[in-house]
Every structure is written in structure tokens, then in C-alpha cells.
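Read through the structures below before going on.
The two complexes that follow have chain A in common; it is paired with chain B in the first and with chain C in the second.
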Partner chain A sequence: MIGTASVVAGLSLWQLVAASGRLDATSFPTTSRIAGAGVGLLANRPFWSALGHTAESWALGLLIATVIAIPAGLMIGSNRFLFASTRVVVEFLKPIPVVAILPLALLMFGTTIKMKLLLVAYGALWPLLIQTTYGAHDVDPVVADTARAFRLSYPRRLGFVVLPSAAPFVATGLRLAAVHAFVITIVAELVAGGQGLGLMMFMSDNALRYADTYALAFIAGLLGLSLNFVLQRLERLSLHWHSSQRIEG
Partner chain B sequence: MGKMKVWVALALVVVVALVAVACGGTTTTTGATATTGAPTETTAAAPTETTAAAPAELTTVNVGVIPYSGMGVLWLGDQKGFFKDHGLKLVLVPAESPAAVLASVQSGQEEFGFSTTIPLIHAVAAGLDVVAVVPNDGTVSSTESSTAIIVPANSTIKSAADLAGKKVAVPALGSEIDLLVHAAAERAGVDPNSVQTVQVPFPTMWAAVKAGQVDAAGTTEPFMSQAIADGAKNISDAERDILGGYNVTAFVTTRKYAIANPQIVKAFREAMEESITYAKDHLDEVRTIIAKNTGLDPSATKTMSLGVDLNPKFNMDGLKAIGNFMVKYGFIKELPPMDQIVLPAS
Partner chain C sequence: MKGRRRALAIEIWLPVSLLVIWWFATKNGSFLEFPPVRLIFERFREEYFFGRFSSDVLPSLVHLALGYGIAATLGVAGGLVIATVPWAEAAASPYVHFFRALPPPAIVPISIILLGLGVTMKTSIIVLGAVWPILLNTIDGVRGLDGTLLETARACQLGRRYRLTHVIAPGAAPQIMTGLRSGLQISILLMAVSEMVASTNGIGYLLLLSQQQFLIADLWAGMIYLGLLGYLLNALFNVGERVVLKWHFGARVGGAL
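Here is the complex of A and B:
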């Protein structure tokens, strides 16, 4: 309730300031003009086609990151040797901003979806890997010993003991990675190239349609917000059995 | 049973991903933000470009473009079917800077690409295999100006002679406009090293000038007309005065590709030359397609200067002069041989 009210207040303030003429009218269109531009965008095919491209890159990149990060994280977290030996490498690679490897990705793949996938997968990998690792690290020792006593094979142990136990961490990691991946997709499109919402922003800039640019940025923000919300609900649904959810009550 | 839900959730992510792959990338864009031809790149789920509609003899080539008002001739030529007449089907891949296009061409992701000649010479001097094949539209107009140095209406800067010690916005360091600012200052008797150039993207340049973050800006159409309509003063038609008659845009390929596919390169060159020759007598059609493909207001495209003398042949002396400028201002150490910059027509 308070959240929605503050958003409305912010938008109204923008409208007032922009309409007052104190700010340059072309660079700061009013909220009503931005809303109008947004509606215009949503009503036309090019927006949805661009959204499809962005969604495609986002989903594929996230998938690649997930397929690598979750098994790797489970293995690293549950094995003391792996954990110790990979820690420095992970800590070193983690803070490298994705935009820093953008020129490398461009040189390798040009302005294609492969370039975007490299960046998205790289950016989404680290939060997911680290979350999964720490989740796997925290398996209840009694459960772990029971699994070993029953002589469960390594893959079964990972899949049916470690993964469910680490599930809340993995879910949080997935949520972070998903939103992160979305941001990176748009940035890659905006700065480097490739079809999608980012390219639409670039083109509306070049066409001097700044209200469109603002509208697209706002829509992207809304998309990220709903992504976060959907994933939270999914997390709640699929993990209702976990002890961590019970404590939250 | 609850633990299965974790797997279900993960499976859901996978399904969503696959659905998104299937849905995205197969639609063709139309309208204001369109690029002509199928926009899909190499993904497994997307249909291949050689669909049943296209005759079997057409060779598909990927062409890197920057979707701005300078692409008018290519767009028009493609629309008119000149490329199809030469056996080529163009797939236009959008990028946002010549550097990105050059990287794509160099890496083999695209067969041809649009570039301004200064980044091209940079690339050749840096050892990249790219080489120019055909002009994009022609040479810089010696009469019309489409690139200028602008200042606020109340600025103390009246001409290029007042640029000493000032901060000027350019779209990229080492770019054509960066070169022009230095050359304009030098011509006006100012030490070019005293002018400080700062990187600002075109759409934000005029706002930066008005806010006082920079003293002047080297800008181009359509941003130039927009700024002047908003009160900016043009203190130097630098491009027209210094690079008039020279080529500043071109289509490039790699020498490796040109050696392996001389017929395709020849076909591309000839189709482009035909497009330029056609565009010369049909400038109104060029303006129409620019408005359609960029989303610019048609009233803006009718009046803005195209800034080119349409000419299908390179001005080789002009390119050499540009290269010498680049050496003079320290952009490159030495000028590469001209046949590495422009592919000799065989």
C-alpha cells in the first residue's frame, strides 16, 4: 500500500516538475507524455517482437547459467576440497562487471545473440553459483550421514539430499540471477547491439523520440519487477515444505 | 512429495525458456523500428533465411548496419531489389557503433558491414583484416553541411578560433568528429592539443552543452537540426570545410572473405554502386525510407541535410588525406598501405 503510494507520488512529482517548464521539455517529457508513448509502443508489433528477442536471450542465457551453476554449486558446496580450491577463483571472477567483458564478447561473436548469451550467462552464473554453493554447504549433517549410511550414489545424493536441502538458497540465487540476467540483456542490446528492447531504446534516441526511450525504460523496470514477483511466488509455492518457510510462517 | 516440487519448479524454468526461444526471434519487425529483411541471427529455433519464398540462387549475406539516417541508400537499394538482381539476399543486423560492426565483420559473424572511414583506418592500423569494398553513399558534400560544431546562443565562442582550452563533446574519442574538432581548431590558428574532447553520445550532446558540462559539441544530423531549432549556434561547418569531397562512410568486408568469395564481393559492390546511382536522382525516396526505418518525423527528414554528394567511387586521395590527419593528431602511428584500406577493384 505504502509502496504503491510512493510510486504514485513520485510520478506526480515528475509530472509537476516537467510540466512547470523549469526543465528542458525535450529531455524531460511529462509523465503523461511518457504514458502516451508507452501505450503507443505496446499497441504496435515492433515492441512485442523486440520483447520476444530480449526474452529469448534472457531465457537462454539464464538456462545456460543454471545448467552450469547448479550442479557445479552442489558439488563444490558438498565437497570440502572443491570448496577450498575454487574459492579464490570464484572470488576473483565474481566482481568483474559484465560490461567489462562486453568488448571481448563483441570481438568473438559480433552483434549477435551469441554475444548476448555469453554476457547474460556470465552475469547470471555468479550469484547462482555462490548461492547454491553455500546452500549445499549447509546440509543437515544427520541427513547427510543417513544418506551415506544408506549408500546412496553420488548423483542421487546430490539430487535428492543436497539439492532439496539447499533449495531456498538455490531459489534465491535463481531469482537474483534472473533479474540480473534481464538487466544485462537490455544493457548488452543498448550498448553493443542485437535485436531487443535495448536496441529499441537506441533507435528511439536516434529518432529524437525521447518519450519513447523513457517509456521503454519504465516498461523494462516493470518487467523486472514482475519477474521478481513471479519468482517469489513460485519460490513460496515450491518450497512450502521447507523448514525455512515454516519459520517464516 | 514436496521435494518433487523443487524439480517441478526447475522444470518450469526450462519450459519457459524453451517457449521463449520458440516465440522470440521468429517474427519480422515492421514499421518505425524495422530493419529490412529477416532480423533473426543464428539460433536453432529460428527458421533459416533461405525460405521457400526466395529463389534458390540467392546468396544470403549478413550486413552489419547502424540503423540511423545515414543508411538511406542501402535501405532504398534493398527495397528496389538491386541486391536481388545481383543474386544477393541481405540480412541486416543492427549494431550501435562502427566498432561493434567492425568486430562482427572481423569475427566472421557478418560478411559485410557499415563503418565510418576513420574507425576503419584505426582498425586496419591495429592489424584487423577489414577492408572497404564500396562507399556507403558518396563523399562529404562540399556545399551542404550535416555535421557542425555548435555552441549555446549566449556563448563566448564565436568561431573555431575561440576553442583554445575549451571542452568539446564528441561521440567517441578518435572518431571523425574528434578529428574534425582538432583540424578546425588548427585551421583557425589554435593549438589543437589545447582543445579537450570529451565523449558524449549524440542524443545527449545538446543537453550537455546547455547544462554547461561542455563548452561546445561536434554533432551531426538529425541532432544538429534539432539543436539549432532549440537555439544552438553553428560555429563551424567543419566536416564540409575540411573533409568536403572525401569519403567518411563505407561498407567493409574482410580480406580473407574477399579472397575466398570474389564474386559475392563484386556482386555487393555493383549492387551498392547501382543503389547510389539510383539514389542520386531519387533523393525524395531516400528521405521517405529514412523516415520509415528510423522512426524520425517525416517533416524532419524532408528538411535535414543529407550532407553527401552521391558518388559510387572512392576518392582515394581523400582517404589518404584523412589518414594523414589521423597520423598528424596522433590517432594512429603510421598510415597503412591504401590497398589494405580499400579493396582494389578487380
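Here is the complex of A and C:
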């Protein structure tokens, strides 16, 4: 109740301030003009094709990161030698901001989707790898020994014993990676000029169509919100079988 | 002793071999994108410690420190106030969640529209991006506090100010630190992004400039500089966190006795 009222109040205040003419009308458009610009965007093809480009790089980059990070994380986490060997490298590479490698990606691939994928996959890799490693580290030793006593092959042990046990960590890692991948996709478009919503935002800014810029930022926020919502739901739904989600009777 | 040496060997064999491979694979300069390591470090020393230090490195660090400092102050103080005033939390929560979900770089074009190109814009971008995770985590941290603890503090007739600084803030500290860490990462990202998109100086500007002029060794030097900056600030943060939370855990153990 209070939440809705507060949103309505905020938007009306914006409208009143912008319409009062105290501020420059081009750089601070009214909410109604921004909403109009938003509707105009949604009705046109360029927006949907930009959204498609953004979604494509996000999904493919996340997929590449998943294919690398989950098996690697399971192996590293369940093996003490690998864990100790890779610790320094992971600890060093993890806090490096993705924008640091952006110019290199741009140099190697230009403004192509390959450039975006390199950045998105690199950025999404670390949260997923680290969470999966923690999860695989946590496997019940009795379960691990039992699987070995039954002579399950290494890939099977990873897939059917370590992975299910690490699932909650993997799910958290996936959620973090998915959000991070979205942010990096926008960076790769806004800064490096890859096709997509970020580039559209940059172009509307340059073309002085400021209402479009505001509308696009608003849409990006809504996309981020729905992404968070869907991921949290999925996490809860897909883990109902795991002991961490079960309520003891 | 022998065991410890063995453990150390296991820890460092991989990073050392990676560095050696990097050194020898690029030694002849046969790959355009991967210049010799020696050359990179030469450029690194000349550009980032001497030539560009006061013109580009220092301004970036000042924007970062200012922006992050303001975001941390606003986020923690605002979060404590919002979480302890019942209606304020309901009123603020749609905004906090929206801006937390908005990809931080999306703020950049709007800040340029409103604030132009300058120090104010670059600092404001950092504040506007980093404040939300700090605010959100502070609110969540206060909300997650044990109800009995708060009621005990009230029953002991502790004043509102005293409760805030001695009961609520320390209790929420672990989660506040989580928010501050993610705010720091966003700050570094936005510092570089704002300089890449709209600036004529700074680390981000230098990086894109060397890419456009095909000064590959300079580009690598900049990448390593930005990477080291991220690494060192994170390490510094870890030290700070240990200091803050050590006191917190110590207080909790004492309280339990």
C-alpha cells in the first residue's frame, strides 16, 4: 500500500518539477513524455532487434560460462590438489574488473558478438566457478566414499554425486552470474559499441533524444527486476528436493 | 617444515608456470595482441608511475574515493534510518529494488545529460551506482536482527541514538559489509566506464585511447593497472572487514557469556 503510494508520489513529483519549467525541459523531460517515448520505442522494430541482440549475448555468454565453470568447479572443489593449485590464480583473477579486458576484446574482435561473448562469459565465469567450487567442497564424505566403493566412474561421480550435493551453491552461482552477465552485456554495448540496448541508449543520448534515453534506462531497470524475480523463483522451484530446502517434520 | 614447503609448492606451481609460459610465448612478439611481457612492464613503469600519474591516475583515484565514500556514508546512514522508521521502509523499498536491479552502466548516459562532462558527473555516477547495494544490505541487515535483542535494548531504557550506534549498527555489520563490498566493485566498474564513455583523462580514457591508437603494450599496461587496482582494493577491503567483524564477533562472544 505505502509502496504503491510512494511510487505514485515519486512519479507525480517528477512530473510536476519537470513541467514547472524551472529545469531545462530537454535534459529533464516530464514522466508523461518519457512514457510516450517508451511506448514509441516498444512499437518500433529497432527496439526489439536491439533487445534481441542483448538477450542473445546474455544467454550465449552465460551458457559458455556455465559449460566451463560448472565442470571445472566440480573438479576443483572435489579434489584437494586441484583446489590448492588453482587457489592463487582464482583469487587473483576474481576481483579484476571486466572493463579491464574490454579494450583487448575490442582489439581482437571489433564490435562483433564475439567481443561481447568474451566479456560476458569471462565476467559470468567467476561467481559461478567460485560457488560451484565451494559447493563441491562440501560433499558429505560418506556419500563420496560410498560412490567410490561402488566403483562409479569419475564423470558419473561428478555428475550424480558431487553436482546434486552442490546444487544450492550452483544455483546461487547461476543467479549471481546471470545478473552480472546482464550488467556486462550493457557495458559491452554502451562502451564498446556492440549491437543492443546499451548502444541504443548511447545513440539516443548522442542524438539528443533524451526522453528515449530515460525510457531505455527505465526499461533496463524493469528487465533487471524481472530477471531477479524469475531467477529467485527458479532457484526455489528447482531445489525443492534438496535437504537444505526441506523442513524437518 | 617439509610439509609446509610442499603445501607452498602446490599453491604456487600453477601461477608460476602460467607466468613463465606467458613470458616465453610472447618473447618474440609474434602475436599482435600479445606483446612481450618485458615491454608491457616497461610501459607500465613509464606511464603509470611517472608520465601519467598526476594527469590520469590520480584524478581517477580521487573520483573513486569521493564517489565511494559518499555512497558508503549515504547508504549506511540512509539504510539505518529507513530500516528503523516503519513506514519509510515500505515507501523506499520499490525505489531501492528498482535501482538495485538497474544495470549500473545505464546510469551513465543519464548522468551525462543531467550533469554534463566533468568531475561532478564522474563522482555522481559512482555514488548513484554504488549506493543501492549498500542501502539494500543495510536495511536487510537491520531487519534480520533478533527481535529479543532490540526489545532488551529498549527495556534497558537505552536511548534511540545509543541503540542505533551500539546495538543496531554492530548487529547489522556483517550484512553492511557485504553491501559495501559489492558497492566497491560497482564503483571501480563505473569509474572506468564513465572515463571510457565521456572523458579526456583517467585510466579508462587511457585504456581506450591506446586501443584506438594500436599501442598494444600501453593497452596491456593499462589492463594490468586496472586489474591490480581491483585486486588491491579488494585485498584492502578484506583487511578492513576482518578488523570490523573481529570486534563484532568478540562482542558477541562476550555477550553470550
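The definition used in the following text is that the second predicted complex is superposed on the first by the 222 of 249 C-alpha atoms of A that agree within 3 Å, B and C clash if a C-alpha of one lies under 4 Å from a C-alpha of the other, contacts with A are read in each partner's own complex, and residues count from 1 in each chain.
Convention: a residue touches a chain if its C-beta (ideal position, glycine included) is under 8 Å from a C-beta of that chain, and two chains touch if they have at least 3 such contacts.
Note that the structure is a prediction, hence the values are computed from the model and not measured.
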Of the partners chain B and chain C, which touch A:Leu239 in the superposed model: first, second, both, neither? first
Considering only the touch criterion stated at the top, classify A:Arg87 as touching first (chain B), second (chain C), both, or neither. second
After superposition on the shared chain, which partner residues are touched by A:Leu118: those of chain B (first), chain C (second), both, or neither? neither
Considering only the touch criterion stated at the top, classify A:Met108 as touching first (chain B), second (chain C), both, or neither. both
A:Phe160 in the overlay: touching chain B, chain C, both, or neither? Say first, second, both or neither. first
Applying the document's definition of touch, where does A:Arg45 land relative to chain B and chain C: first, second, both, or neither? first
Just to be sure I read the superposition right, which of the two partners does A:Asp205 touch: chain B = first, chain C = second, or both, or neither? both
So, does A:Ala136 touch the first partner chain B, the second partner chain C, both, or neither? neither
Given the touch rule stated above, what does A:Glu56 touch, chain B (first), chain C (second), both, or neither? first
In the superposed view, which residues of chain A touch chain B and also chain C? 27, 103, 106-108, 190-191, 202, 204-205, 210
Complex contacts: residues of chain B adjacent to chain A: 2-3, 5-6, 8-10, 12-14, 16-18, 20-21, 23-34, 39, 41-43, 64, 67-69, 93-96, 99-101, 103-110, 201-203, 207, 210, 222-223, 226, 230, 294-297, 300
For the complex, which residues does chain A have touching chain B? 24, 26-27, 44-46, 48-60, 62-63, 66, 70, 103, 106-114, 160, 163-164, 167, 170-171, 174, 190-195, 199-200, 202-210, 212, 234-235, 237-242
Note which residues of chain A are touching chain C in the complex, please. 1-7, 10, 27-28, 81, 84-89, 92, 95-104, 106-108, 182-183, 186-187, 190-191, 198, 201-202, 204-205, 210, 213-214, 216-217, 220-221, 224-225, 227-228
Sites on chain C touched by chain A in the complex: 7, 10-15, 18, 33, 87, 90-95, 97-99, 101-110, 112-114, 185, 188-189, 192-193, 196-197, 204, 207-208, 210-211, 214, 216, 219-220, 222-223, 226-227, 230-231, 233-235
